[in-house]
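Questions regarding the structure given below will be posed in turn.
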Amino acid sequence: MNHHPMKLVTIVCESHAREAVTKMLREAGAHGWTLFPVEGDGAHGRRPADIPEYTNVQVEVIVPPEVSNTLFERLGREFFPRYAMIAFESDVRVLRPGKF
Amino acid sequence: MNHHPMKLVTIVCESHAREAVTKMLREAGAHGWTLFPVEGDGAHGRRPADIPEYTNVQVEVIVPPEVSNTLFERLGREFFPRYAMIAFESDVRVLRPGKF
Amino acid sequence: MNHHPMKLVTIVCESHAREAVTKMLREAGAHGWTLFPVEGDGAHGRRPADIPEYTNVQVEVIVPPEVSNTLFERLGREFFPRYAMIAFESDVRVLRPGKF
Amino acid sequence: MDLLHALSSNLLSPAVLFFALGLIAALTKSDLKFPESLYASLTIYLLVAIGFKGGVAINEAGLGKVWLPALAAITLGALIPLWTYPLLRFGGKFTAVDASAIAAHYGSVSAVTFIAATNYLKAVNQPYESYATAFLAVMESPAILVGVVLGKLGSKRNGPLDLATLKSTVHEALFGRSIFLLVGALVVGALCGKAGMDKVESFFVTPFQGVLALFLLEMGLVAGRRLEDLRKVGPFLLAFGVVMPLLHGALGVYLGRLAGLELGGATLLGVLSASASYIAAPAAIRMSLPEANPTYYLTASLAITFPFNITVGIPIYFAMAGWLYS
Amino acid sequence: MDLLHALSSNLLSPAVLFFALGLIAALTKSDLKFPESLYASLTIYLLVAIGFKGGVAINEAGLGKVWLPALAAITLGALIPLWTYPLLRFGGKFTAVDASAIAAHYGSVSAVTFIAATNYLKAVNQPYESYATAFLAVMESPAILVGVVLGKLGSKRNGPLDLATLKSTVHEALFGRSIFLLVGALVVGALCGKAGMDKVESFFVTPFQGVLALFLLEMGLVAGRRLEDLRKVGPFLLAFGVVMPLLHGALGVYLGRLAGLELGGATLLGVLSASASYIAAPAAIRMSLPEANPTYYLTASLAITFPFNITVGIPIYFAMAGWLYS
Amino acid sequence: MDLLHALSSNLLSPAVLFFALGLIAALTKSDLKFPESLYASLTIYLLVAIGFKGGVAINEAGLGKVWLPALAAITLGALIPLWTYPLLRFGGKFTAVDASAIAAHYGSVSAVTFIAATNYLKAVNQPYESYATAFLAVMESPAILVGVVLGKLGSKRNGPLDLATLKSTVHEALFGRSIFLLVGALVVGALCGKAGMDKVESFFVTPFQGVLALFLLEMGLVAGRRLEDLRKVGPFLLAFGVVMPLLHGALGVYLGRLAGLELGGATLLGVLSASASYIAAPAAIRMSLPEANPTYYLTASLAITFPFNITVGIPIYFAMAGWLYS
């Protein structure tokens, strides 16, 4: 198999940040994303996922390394000071690198 | 701790492909899988998760490296040309290697 | 960017284990967690996610390596013999290491 | 009742206005969203309710009255792809696979359109044969099977027409969740009869119209999100999505009369014939003809024909039946 | 009303037929599926509705009438494990942990079976004490506690019977979500009385039977998926799952009469006694006796006893009460 | 009706008792939980039902009767931040951003509180202008806009007040999902009128009170989980969350009378004025003033003012109206 290295960036944020995050992903050069509602606990307390407005979403996006860097730069500058959220990057391999 | 390397294969696909994908996982040698509905955006447009038939599912499966290779071969040959989907592989470590 | 290595520990378990798991995460030193309901298949059979009491949850937690070791020790000793579950560790990178 | 009156009484009904509200929400990019499980729950409710009611009606009317128009419905559904396919293939220049996929959708039916039509008939005080739900139940599958066979025969790239494909298509067409619920509830209703209906009427019948109105709000959202694909499908499919329902509607009404239905039942057969599937057919086509492009068949059935029928189609088919029976 | 009539009037009710439809869907591997939140929502509705109604009935009847049969119910629930445990342990050759787990399930109760029984009594026009919901509420926990104690005493590998375990079991048995909802709604109903009922009747009472029918469709699916585990549990447990309900049903009816209940109320106590828990007990057992094998207790309670009671058990217990009271 | 009677008839209603039950569940850490989609579904139902009903009422009363009190409502909403802001800023020592965020929440309104108030009026047989829903609809946004402007002007760190922020705030305030549903259903109701209401009444009106009771159980859970934040907000905000509603309630009732409303309608304007937003305002503030601390505004509106209004506030405003009109 011909695997190509990519970055998976995972963002868990309060659902109010949802539109801002997905807009930013597009701007930074991602070609797609995947998203789902999650419960959570953290520095901002429990978020028990019973009201859509008070819950978290997890966003996953596969991007080339340079896009991941752009994402983290903007996350650190524009998003972390404003929203309850975490973000992390990991290494993945894909088959069709052109897609991402 | 005694950690053993394994592969985590993640597949995000339109929900119509669900049965075909989980059947293929078993055939390729996986002993289990985990699945949940997700929203998404990509080359085939927004999939807004409001009708079960029009949404995506994310499938996660832990397998030994050789099974992962089989999976990707079949994904590339049989699934990618037919369905809206992405798949990626990453390295994980588990405690009970015999389970996977 | 200034990325710091961390461990992502992912646990998929029957929902009855939910309270015990999140309690253990705190005790082991995690500062937060993310959780969502999932369907699954494995050694204990299909878990089709139609009754909250009979379904699975997936718990994701970002921790420093030493906490991950504690987690896996307790998982292996206290949880694996009791509950239908899997757990795996992977390497991730974060921006604000102090948070985890 | 003349056409204008028929139209306005439909357009000013809560159900259609809520549908329009959903369309507007989608077009103005409001963040209004129904939870996925609400859509699924309302669908279950509507299918079980309409199926159960139809079953009770069959129990009361007797199968003797039902079989002939049901046969007419099956035949009509199976035949529609036979003329829509060549029209799409040679008139619309679609590939064989796309043409047969679209043809399958238009031969099959939309349960929600049917339900909206029964609602409409109730609103204009037009009695109808409640067992007409049986026609809905039997008309979902035949066109899908015919469409898949056409697609397999018409295209080599798509793989030969093997037995395994046929079997899984038949299984999907007959045991898919919507058809299962509808037929199952129909049988339950037929077994229970009036005595069973008395017990569950206040849940399955009394609030039904209101539930439908809420559901059409969601369907407006779903259809509205597809509207932007309209420019991708070209003028041929746009015209097809409006003209074919009118032709099929007339045909259905006419056949309904031949099969001995009353005015109300003939209207419903016209509606079924005119409607296009957007749940069962896509699921089956996606599995049996995965090379077909969903943008074509989904946009046509969901963003053109469905809104057309819900708003103006239903009163038109009713007016057609009025002319035929007067 | 004789047994045959009682049986057929149950088997042809919408609720039981929809339950059968769910079983068929599971057995034919139809892709029919209820969204998880619909199950949870219907459960909340049913528990709140039945609890509220029961509370209003207590308000009207007065606690004086309720305490004696409630005490009988608690005692019965707590005692059942004392004979089912040795039977399973020595007759069925189950381990101490498995035997006590199964015993806990059969001493505890199934709210859905109880609700289906009230539905059945309504259908056959048999009046019953509406405050019987109180028996449901008090019978859920005692057997679970007794079962856990038995399991801890009977097995060393399982860890000693420490205070922490006992405390968390008591908490789980008393504050689990189903018991909380039921008891909470009961108290609310008792505080509101008739005046409160007038306000919410059209939501909590009128559509109740229809909602139950829809819910039993889902329960048929859930139970049906477990049917393939039947061959794993062996003939002893199969027989146990049918015979014990009959014995416990008779015992419950008899005790109900002793405690001064009318025919309807005695039937309900029989039903409670005969039913086995499949939500509250598994949750508590999973935490307190995690070594017990869920295949045994879940298959027995969900795939054997629950369908048995829903279809033929309830009319049988009613017939038993008929004989006793005639 | 005197205050005591008004209070007790509210506190013993199913809706308020279920709310209390939810609070207790949260406080006792019961694992009771409503699925997220049930909350969303109930909200959609309640907003559509109340909006539709209000629209039908406007259709019957004519816009001529509605515009003046609606104007009063808008003005009141827009003005409230002008005195609450300095009070919070200088009395409560809050930062400019936090003060303006809280002010926005108290100028805006809570739909659930409004619905509970209509419920209450119905229970005490007090007629009211059904078109009052229009006041709810127009009062949600103005205070949010004023609050955001105040916050931007008052704080430099927060970025200047640019056009883009203003535009997105206006969009959020006008097209957010709750306001869209409410206004949309209002328009649908106004277009349908009585004829439309007849069709959907048994879904949108008859079971409404029961649905509200169930929903308040969930709201009790949601508010209860916030109660532990009470000690984080300090005594000033605690007092603010109780005293301001009383002042605003009196003001609203008084203005209602000036604008020509009857006793019932004036009570509702008082309730709106006294209520604080906890869905629409947080969403808009989170986007436009993200530096504001949610612990302050959410705890105040959701854990203090909301429970206060649901339990004792509503009957007090009703009593105030009683005194004013007698």
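The letters A, B, C, D, E and F name the chains in turn, as written, and every chain counts its residues from 1.
Everything below uses one rule, namely that contacts are C-beta pairs under 8 Å (C-beta built on N, C-alpha and C of every residue); 3 or more make two chains touch, one makes a residue touch a chain.
In this text the structure is predicted, and so the values were computed from the model without any measurement.
Enquirer: Give me the step distance from subunit C to subunit D, shortest route via touching chains only.
Expert: 2
Enquirer: Using each chain's Cα centroid, which is most distant from the centroid of subunit C?
Expert: Greatest centre separation from subunit C goes to chain D.
Enquirer: For the chain pairs C-E and A-B, which is connected through the larger number of C-beta pairs in contact?
Expert: Most C-beta pairs in contact, of the two: A-B.
Enquirer: Which chain maximises the distance between its CA centroid and that of subunit A?
Expert: Relative to subunit A, the chain whose C-alpha centre sits farthest away is E.
Enquirer: Cα centroid separation between subunit A and subunit F, in whole Å?
Expert: Computed from C-alpha means, the inter-chain centre distance equals 34 Å.
Enquirer: Could you work out how far the Cα centre of subunit E sits from that of subunit F, in whole Å?
Expert: 41
Enquirer: Taking the mean of the CA coordinates per chain, how far is subunit A from subunit E in Å?
Expert: That gives a centre separation of 45 Å.
Enquirer: Touching at least two other chains at once: which residues of subunit A meet that condition?
Expert: 36-37, 52, 90-91
Enquirer: Identify all positions of subunit D at which a residue touches two or more other chains, and write them in rising order.
Expert: 31, 33-37, 40-41, 206-207
Enquirer: Quick check on the complex: what are the subunit D residues that touch subunit F?
Expert: 12-14, 17-18, 21, 24-25, 28-38, 41, 123, 206-211, 213-214, 217
Enquirer: Residues of subunit C touching subunit B in their complex?
Expert: 10, 12, 36-43, 56, 58, 69, 72-73, 75-76, 80, 86-91
Enquirer: Could you pull out which subunit B residues touch subunit C in their complex?
Expert: For this pair, the touching residues of subunit B are 1, 3, 6, 8, 22, 31-36, 62, 90-96, 99.
Enquirer: Under the definition above, what is the set of subunit D residues touching subunit B in their complex?
Expert: 33-36, 39-40, 218, 221-222, 225, 279, 282-283, 286-287, 290-291
Enquirer: Taking the touch rule as given, give the residues of subunit E at its contact with subunit F in the complex, in rising order.
Expert: Of all residues in subunit E, those touching subunit F are 35-37, 40-41, 44-45, 48, 52, 175-177, 180-181, 184-185, 187-188, 191-192, 195-196, 199-204, 206-207.
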